[in-house]
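You will see two complexes here that share chain A, one where it goes with chain B and one where it goes with chain C.
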Partner chain A sequence: MFDITGLMIFTVLFPFVGALLIPILKHFKLDSGKVALFTAAGTFVSAFLLCYYVSFGLFPVYRIPMPLGMDFHLLGDAMSAFMAAAASFLSFIIMYYSQGYIKESAYKAEFYFAAMLFLGAMMGLVFSANLAWIFVFWEITALCSWRLVGYFRADSDIAKANKTFLITVFGALFLFLALVAIANSNGTIDLTELRGATIPFYATLFIILAAFSKSAIFPFSSWLPDAGVAPSPVTALLHAAVLVKIGVFAFAKIFTFIILDITAAELVMYVAAISSLIAGAAALKETNIKRVIAYSTISQLGFIFFAIAIGGGLGTTAAFLFILMHGVAKGGLFLCAGIIEHKTHTKDITKMGGLAKVMPITALAFGFCALSVMGIPPFGGFFSKFMVFLAAAGEAPTMAIVLFAFAALLTLAYLTRLFHIVFIASPKQNFTKSKHEAPHQMMISVSVLAILSLLLGLFVQWPLGYLSTMFGGAL
Partner chain B sequence: MLLNGIFVIIPVIGAVICAFLNKQKQAPGLLANIILLFGFLISLHIFFMSLGQEWFFGEDVLSAFMLIMIYMVALAVAFFAVFAASTKRRGSYFAILLVITAGMAGVVCSQDLFTLYVFLEVVAVASFVLIAFYNREKSTEGAIRYFYLSSIASAFILFAISLLLLYTGDTTYEGLVKTILQTQGNSAPLNIILGTLAVALMIKTGLFPFHSWTPDAYESASSPISALLAGIVTKVAGTYALVLVCMLLSIVNFGIEHNTVGKAIMWFGLGSIVFGALAAQEQKDFKRMLAYSSISQMGYITIAAALATPLAMAGALFHIFNHATFKTLLFFCAGNVKKATGTTAINEMRGLQEKMPYTSATATIGMLATAGLPPFSGFWSKLFIIAALWQAGFIGMSVTALFASVLTLAYFLKLQRGMFFGSASKNIANVKEQGMGFLIPCFALAFIIIAVGIYFPFIYNNFLSPFIKVLQ
Partner chain C sequence: MIPFFPLVFPLACIVFLLAFKKYMPNTPKFLAFAGTTLSLVAVFTVQGTESLKIFQDGVLPTPFALAIAVFIAFFATLAALAALRETKSPSFYFNILLSTAFALGAVLSNNFIMMLLFWEGLLISLYLFILPINAKTALKAFLINAAGDVVLLVGICLFYLQNGTLDFTFFAKTNTLLTSSGLWAFILMFTGAVAKAGAFPFHNWIEPAAMQMPASFTAMLPAAIEKLLAVFLMGKMFLIFFPILPATAKVFVCALGIITIAVAAINMLVFKDIKQLLAWNIVMQIGLLVLGMGVHIFDHLLHDTLFVLNHGIFKAALLACAFFTAGAFKLYFGSTDIEELKGTARHAPLMTFVLFICALGLSGLSFVDIFFMPSALVADTYAAMPILIIIPALAAFITMFTFAKVFFALLVKKSRAKAEGSHIYNTVVFLSFLPVLFFTFGFEFSLEPFLAPHFAGINLSWVSIFNILVLLLALALAVKVKLPSYKIKHNTYTITIEAITVFTKWLYKIDRFMDKLIDTWPSAIVKKISLFFSRAHRGNTPQYLLWAILGLLIFAALVSDWGIK
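So, the complex of A and B:
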C-alpha cells in the first residue's frame, strides 16, 4: 500500500530541505540554480501524485500535538492537493526560466534559497489545517517575498521591498487577530474541529481583511504594482502565480470548514468588484509594462474572490479553475515582460513598439497568454471566466455581476492596448533582431506556458472534471 | 533550596580569584567561562531533576528557569567578551562580570523581599562599574544617569519594604502571601505599597516614562556589557521582581476582578510598547535603536505579567526568555559591526551584507524575531501575550500591542536598509567579517531562536507548563 501521508509530508518537507541544502552545496561548487530546479521538480511530482491519489477519496492526515490547541496539523484534501500541484508546477517553470535570467551574482544563492523556502512555506500553508500554522507559513512566505523583491540592492528597490513586507505583515496581523478571536469564541483553532461552526462577524471580517491584503485587493493593493521592481521570475512567482493566490486560497479553505456569513459574502463580492474595476482602469493608464500586468492581476483576483464568495460546488470549482488558468497565463505574461525588458532595457511601453518583428516568439507567447487572461475561447481563461459567471447566475446580486462584466471588458481593453503598443505600433526606436531573443531556458518556459494556456482550454474537461467531482459542482 | 546558594557563592569565589589575575591575559576570561558553563549545566540539571515536585507559589520553578537564563546569557557574554573586550584590566572586567552574575542569581534565588533588595543593589553597583569601565566621558555619563535613577528606585523599594514590614510584619514571600490572603477586603494599603514597589521596579526595568537612562547606558557601554544589561540584567533586576510583585498583586483582591494597580501597570506596559517603538523609528544609532526596542519589548513582558492570568504569565516568562536571546544576539551583532567598522551609526555605511554576511544574517534573524514574525521564537511568546489579553477582555490593548509589532518591523527594516542591505558604499571596502570567537555566540543564539520558533513545545512543556500548573 502506498503511503499517501508520507507523500504529503514529503511534499511539504522537500522544498525546505532543498532550501537548506542550497547554501551547503554551494560550498561544493554545485550550482544553486540546478539544486532549486531539482527541488521544485521533485515537489511538483509528489504534489501531482498526491493530487491523483486524493481523487480516490484518500485524504492523508498528519498531526504533531502541540500545547494550547496549536497542533501541527496537515490535511490533504482535494483543494489543497490541487493548489499544491498548480503552485509547484508554476514554481518549477519559473525556476527553469530563472536559470537563464539570474546571472552569476553574490545574491544568486540567496535568491534560490528564498525561492525554495517560499515554495516550502506555500506547501505548508496549503496543507495546514490549523489557523496558527496557516499564519506561521503565511508569514514565512511574506519573509521570502521580502528577500526576493529586494533582490536588486538599489535604494529604491529596497524601499519598495520593505513597503511590500510591511503591508503584507500588517494585513497578516488581521489573521492573527482572527485566530485569537476564534480561539476565544469557539475554543479551538483547528479547522477540522471548526467544521460547520459559525464564528463572530468581526472574526470573519478579520480573515477577509487578511486575505485582501495578501491577494492585493483594494484598499491593500498598492504594494503589488510597486513590487514590480523585483526580477521578472520573482514577479511571476509571487505576484502572478503563487503568492497572491494565498489570500484567496486561505479564504476558500477556511470558509469550506466554517460557515461564511451571507452579509460578509456580499461585502466581499462588492469590494472585489470595485477593486477589479479600479485596477482595470489603472491598467489602462499605466505605461510601465510590469505595472500594467500587476494591475491586471489585481483585477483578475477580484474574480476569484467573487467565485469563492458565491460558494457552493460550482463557485469553488470556478474559483480553483480560475486560479489554475490565471496562474499559467499571468505567469507567462510576467515572464514575457522579463524577456522584453531583457531585450529593450526598459519597462516603459511608450518607448517600445513593433516588437512583434524583433521577437516573434515572445510576441506569440504573450498573445496566447493575453488571450487566455482576456477570456477568449478556446483559451483556458475563457472557461474559468465563464464558470465564474455561470456560478454567479442566480446566486450573486445582479449588480455585482454587472460590475464584473465591466471588469471583464476592461481586461479586454487594457490587454489589447498593451499588446498593440508593445508589439504592433510603429517603433519609437530601432531594435535589431538577433538570432536569439533570450537565453533558451527563458524562451522554452514562456512557450510552455503559452501552449499550456491553449491546451488547458482545449482539454478543459480534465481539470474541470477533476474539480467538479471533488467539489460536487456538477454542471 | 540550599543548593541555590552555590549559584551565588561560586561566581563570587571566581570573582575573587579573577581579581588576583589582573595582569594575566587569558586566565580570567577562561576561568569566568568555565565557571559560567559549569553553572549553566548545573542549573539545567537541577531544573530537570526537580520537575514535578510541589512547591509553594511556583517561585522555585520560576527561579530555576531564571537561573538557566542568567547563566546562559552570562556565558554567551563572557565568551564574546574574551574576544571583544579590549582592556588591560581583564581580571577586574571578568571579576565584575562574575559578581553581577552572582548578584542576579541572588535576586532570583531569594525568598524574601529584603534579601531581594540587597542583591538588587549588588547588581546595580556592578552595572555602574561595567558601564563606566572604559572611563570614557560618554560612558561615565551613562553610568551616572543610571546611578541617579537607580538610587531613586532603591529608595522607593526600601520605603515600600519597610511599610510592608510594618503592615504585615513579614518580608518573606510565604509570609506575605499568608497575610495578604488573611486581609482580603482591606486591600487599599497593600495596593499602595505594592504599587510603590512596582514603580521603583519599573525604573529599574527602564519602562516608559522612566526610561531615560536606558538609551544612554546601552549606547555608551561596550557591546558585551550592553548585551548583558539589555539581555538579562534589566530583566532580573527589574522585570523578574516586577513579575513577583504582580503575582502578589494578583492575589490581593483575588477572584474579585482585575486589580486596579495591576491595571495601572498594564497601562504603563502598553505605553512602553508604543513609545519605545515610535521612538526607535527616529534613532540614528544601532545600539540606541536597540535600547528603545528593549523599552518596547519590556512593555510586552510587563503588560502580560500585570495581567497575571496563567496564560499571560506563561507569555511573560516566554517573552523574557526570547527577549534575552534575541536582544543579546542583536547587541553582539552591533558589537561586531562596531569592531569591524568603528561605528554603529545607521546610514553611514551601507551594504555591509556583502562584507559581513554572517553578522548580517544573524542580525536579521534577531530583528525578525523581535518583530514577532514566525517561524522565529518571538512569535509564540507574542501570541501568548496577545491571546491572554484578548481572553481577559482587554481587546483594545491586545490590538494595540499587536499592531505595535508592525512598528517594530518598520524600524528594523529601516536599520536593515541603512546598514546591511542596500548597495555597498565605498567606505566599507576594507571591512572584514569578524573571527569565529565573535560569531560562535551569535550562531548559538540564532540557533536557539530558530529552534524554539519551530518547536516551541520544548520550552512550553518543560519550562512554562510546570510553572502554570503551580499557579493554578
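So, the complex of A and C:
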C-alpha cells in the first residue's frame, strides 16, 4: 500500500532539504534558482497527492514523542492537505517567476535558501498538530520573512524588514502565552487531545492577537504595506500567497479542534470588518502600486477571518475557498506589479498610465486577477465571496454583513481605480512597446495565475466539491 | 433543447471573431449579426416548462423567461444590424455578442448562482463596450452597476437564509414566513434588480453613456436588455415573495419609484439633445415600473406579472425604437442636438412619425399602451392614495411636454439640405417599430381573456380622458412655455464619490495613526531611551560613581521606613 504518512513527511522535509542543498550546491556551480524550482515542484506534487489521498478519508499521522508534551505530531487532515497544496503550488509559480526576476544578484542563493526554508516551515506549520511545533514553525517563517523583506540592503529596506519581524514576533509572543495558558488550564497542547475542549477566554484572545499580527489585521496591519519594499516574488510569496495566510490558517485549525467562544467569534468578525474597511480606504488613497495591493490583501484577509469566525461547514468551506482564490489572484497581481515596475522603473501609479497598449498581456493578466479579487463572475473570486456572504447570511450579525458589503464595494472601487490609472489613463511618460514585456518566466507565471483565476471559477465545482465534502459545507 | 443552447452561437461567434478579425476586416460585423440572429432562432428551440402558467417555476425555463429571452435576442439582433453603419470597431461587435450571451444566460438559468454569474458578467461587457469611447464613463458605469450587483448578491444570500435553496425549482414549494432577514432579502434583491435597469440611485451612468456611445449600444443595453433583465428578476420575485410581503416593502418600493421619476423629470426638462432626453426617459420609465409595483404590488399575481411584462417589453421596445431613430437622425444629419435638427422633419418623415408614436407610447396615452397598463397604473395609484395620481400624471406631462419640444423643432420651417440616407438604418427603424405595432394592436387582444378579470373592476374611461387631458395640456404648454434653464451641478454619483473620498480620508488617517502608534512613536521612544542609556554608559568614572550612589539611595529608600516594610 502507498505510504501516505511517508508522503506527508516528505512534503514537510523536502523543502528543508532543498534549502540546505542550495548553499552546498552553489559551490558546485549549480544554479540556486533551479534547485529551488525543483524543490518547490516536488513539494507541490507531494502535497497535491496527499490532498488527493485525504479526499478518500485517509488521514496520515506521524508522532515523535518529546518531553513536556511537545510531541512532534504531524496530522494530514483535509484542511492541512488543502492548504499545503495551495501554498506549495503558489510557491512553485513564484519560484518560476523568480527565475526571470532574480537573474544576477549577489544574494541570489540567500533568497532561494530563505524562500525554501520558508516553504518548509509553512508545510511544517500546516501539518503540525501540536501547538508547540506550530509555534516553532511560526517563528521560522518570521525569520525567513525578515531576510526576504530585507533582500535589498538599503537602510530603509532593513528598517521595514525589522518592522515586519518585530510585529510578527510580537504576535508570536501572544501565541506563546496562549500555549502556556492552554497547557496550564487543559494539561495538554496537543490539538487532537484538545478536540471539543474549551480554553480560557484570555487564551482565546492571545491566539486571536497572534493570528491578527501574522495575518496583518488592524491594528497590526501596518507592516504589510511597508514590506512592499521587498522584491516582487517575495511580496507575492509572503504577502499574498503564504505568509499572511498562516495567521488565518492557524486560527482556523486551532478552532477546528477547540470550541471558539461566541463573544470571541463576534469580536473577530467586527475587528476583521473594521480592518477590511480601513485597508480598503487606504488602498483608495495610496499611490504606490505595491502598497495598494498590500492594503487590498489586508482587506481581503478580513473576509477570510469573517468566514472562519462564522464557522460551521459553510463558513470553513467559504474561508478555504477564499484562501485559494485570493492566493491565486493576489499572487498574480503582485507578480504583475513586478513586471510593471520592471518596465516603468517606478512604483508610483501617478507616473504611469496607458500601459495597456505597451504591455497588453500584463494588462489582461492584471485585469483577470483584479476581476477575481473584486468577485466578478465567472472568476473564482466571485464564488468565494458569494460563499462568505452565504455563510454570513445565516450566522453573522447584520452590522458585520453590512460592513463587509461596504468593504466589497471598496474592493471594486480601488481595484478599478488602480487598473484605470495604470493601464487606461493618459500616459504620464513615453513608455515604448517592446517585443517582450518581461522575461518569459515572468510572463508565463502571471498568465498561468490569470488563467487559473478564470478556470477556478469556471470549474469551481472541483475545489468547492472537495472542500464542502471535507468540511460539510455543501449547499 | 437544453436551456443554454442559445448561448452557443454568440460564444462560438466570439471565438471566430477573435480568430479571424485580423484576416477579414468585415468578419466581426457579419459574426455579430449571425450570432445574435442564430441565438434568436435558438431560443425558440429551447424546451420550456409545459405548463401554460407563465409564473410556474421548474428546472426548465418558464414561458416568462423564454419570452424575455426572445426579446433580448431580438434587440441584440437589431443592435447588431444597426451597428453595421455606426461603427467598424471589432470590439463593439465582440461586446454585442458577449452581452447577448450573458443576458441570455441570466434569464435561462434555473438557479440564482448561475443567474448571478451571467448577470454580473454583463458588468464586464458593459465596461468593455464603453471603454474605447470614454474610459471615465466606462469606469462610472462599471462602479455603479457593480454596486447594484453587490446589493443583489447580499440580498440573494439573505434569501438563501430564508428559503434554504437557491434553486428556482423549489420556490413554488416553499412557504416560509417572512422574517426580518427575509424582508431585507426582498429589499436588497429588488434594489439589485432595478439597479440594473437604472433606477435611482443607480442611474447616473446612463445619460453620459447614451450621449457618447453609438445609438445601437444604448438601444440594446440600457434601453432594452438591462430593463428586461430587471423585469425578469422581478418576475422571479413575485413567485418568491407573493404571499408574504408586508406593507413596509410597499412603501419602500413606492418611494424608490417616486424618487426615480422625480430625478428623471428634473433632468428631462433641461435636455438639449434627443439622446439625452431618451436616456432620462429610460430612468423615468423604470421609475414608473417601480411605482406601479409599489402601488399594486402583489395584489394579484397574474396582474403583476403582466404589468412588469408590459412595462419591460413594450417600453423597452419603444425606447429601443426611439434610440434607433435617434441613431438614424445622427447618421442622416450628423447630430442629435435639437438646435441642429431644426426643420429636418420633411427630410425624414418616417423617422419623425416613428418618434411621434414612441413619444405617445412613452407618455402613456391610452390605445398606444399595451394592456392599458399605464392607464391602469393611474387608476391603481389613485386607488392606493388619491394624491399619488400626481406622479404618473406628472411623468406623462413631462414626457409629452419635452417630446413636443422636439417635434416643434423638427417641424419648424428651415431650409436644410437633405442628408445622405442609409438603407440599413431604415430597415432597423422599421424592424424596431414592429414590436411596438405588434404589442399595441396585436398581442393585446390575444391576452384579453387573462386581463378581463382584473380590468372588470377598473373604469378605464375616466383614466383615458384624464390621460388625454394631461397630454393635451402638455402639448398646449409646449407651444408657448420655454424649457427651464437651470443647471444640475450635482448628482448622486458625484455626491457618493465625494462622500467616499471624505470617508476614506478619515479611515486612512486612522491607519496612519495606528502606524505611528505601533511603529513611529515606539521606535522614537526606544531610540531616545537607548540614547539616554548609551550616554549614561560612556565609561567615565564619575558618571558610574554617580549611578552607584543613586542606586544606593534608591535601595536605601526601598528598605527604609518609606519603602518595603
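By our rule, the second predicted complex is superposed on the first by the 475 of 475 C-alpha atoms of A that agree within 3 Å, B and C clash if a C-alpha of one lies under 4 Å from a C-alpha of the other, contacts with A are read in each partner's own complex, and residues count from 1 in each chain.
The definition used in the following text is that a residue touches a chain if its C-beta (ideal position, glycine included) is under 8 Å from a C-beta of that chain, and two chains touch if they have at least 3 such contacts.
On a predicted model such as this, the values are computed, not experimentally measured, just so you know.
*Asks:* Could you say whether A:173 touches chain B, chain C, both of them, or neither, answering first, second, both or neither?
*Replies:* Only chain B is touched by A:173; chain C is not.
*Asks:* Does chain B (first) or chain C (second) touch A:139, or do both, or does neither?
*Replies:* first
*Asks:* Taking the superposition on A as described, I'd like to know which of chain B and chain C A:364 touches: first, second, both or neither.
*Replies:* neither
*Asks:* Given the touch rule stated above, what does A:376 touch, chain B (first), chain C (second), both, or neither?
*Replies:* second
*Asks:* In the overlaid three-chain picture, which partner chain does A:393 touch, first (chain B) or second (chain C), both, or neither?
*Replies:* second
*Asks:* Have a look at where A:420 lands relative to chain B and chain C in the superposition and call it first, second, both or neither.
*Replies:* After superposition on chain A, A:420 lies in contact with chain C alone.
*Asks:* Between chain B and chain C, point out the one touching more chain A residues.
*Replies:* C
*Asks:* Name the contact category of A:155: first (chain B only), second (chain C only), both, or neither.
*Replies:* First partner only.
*Asks:* Let me check the overlay on chain A: which residues of chain A are in contact with chain B and also with chain C?
*Replies:* none
*Asks:* Would you mind writing out the residues of chain B in touch with chain A in their complex?
*Replies:* Residues 311, 351, 354, 368, 371, 373-375, 379, 383-384, 386-387, 390-391, 398-399, 402-403, 405-406, 409-410, 413-414, 416-417, 421-424, 456-457, 460-461, 465.
*Asks:* Provide the residue numbers of chain C that touch chain A in the complex, in ascending order.
*Replies:* That would be residues 113, 116-118, 120-121, 123-124, 131, 135, 139, 142-143, 146-147, 150-151, 153-154, 157-158, 160-161, 166, 181, 184, 500, 503-508, 510-511, 514-515, 517-519 of chain C.
*Asks:* For the complex, which residues does chain A have touching chain B?
*Replies:* 66-68, 106, 132, 135-136, 139-140, 142-143, 150, 153-155, 158-159, 162, 165-166, 169-170, 173, 176-177, 180-181, 183-184
*Asks:* Under the stated contact criterion, what part of chain A meets chain C in this complex?
*Replies:* Interface residues on the chain A side: 163, 167, 218-223, 226, 277-282, 284-285, 371, 374-378, 382, 385-386, 389-390, 392-394, 398, 401, 405, 408-410, 412-413, 416-417, 420, 424-425, 475.
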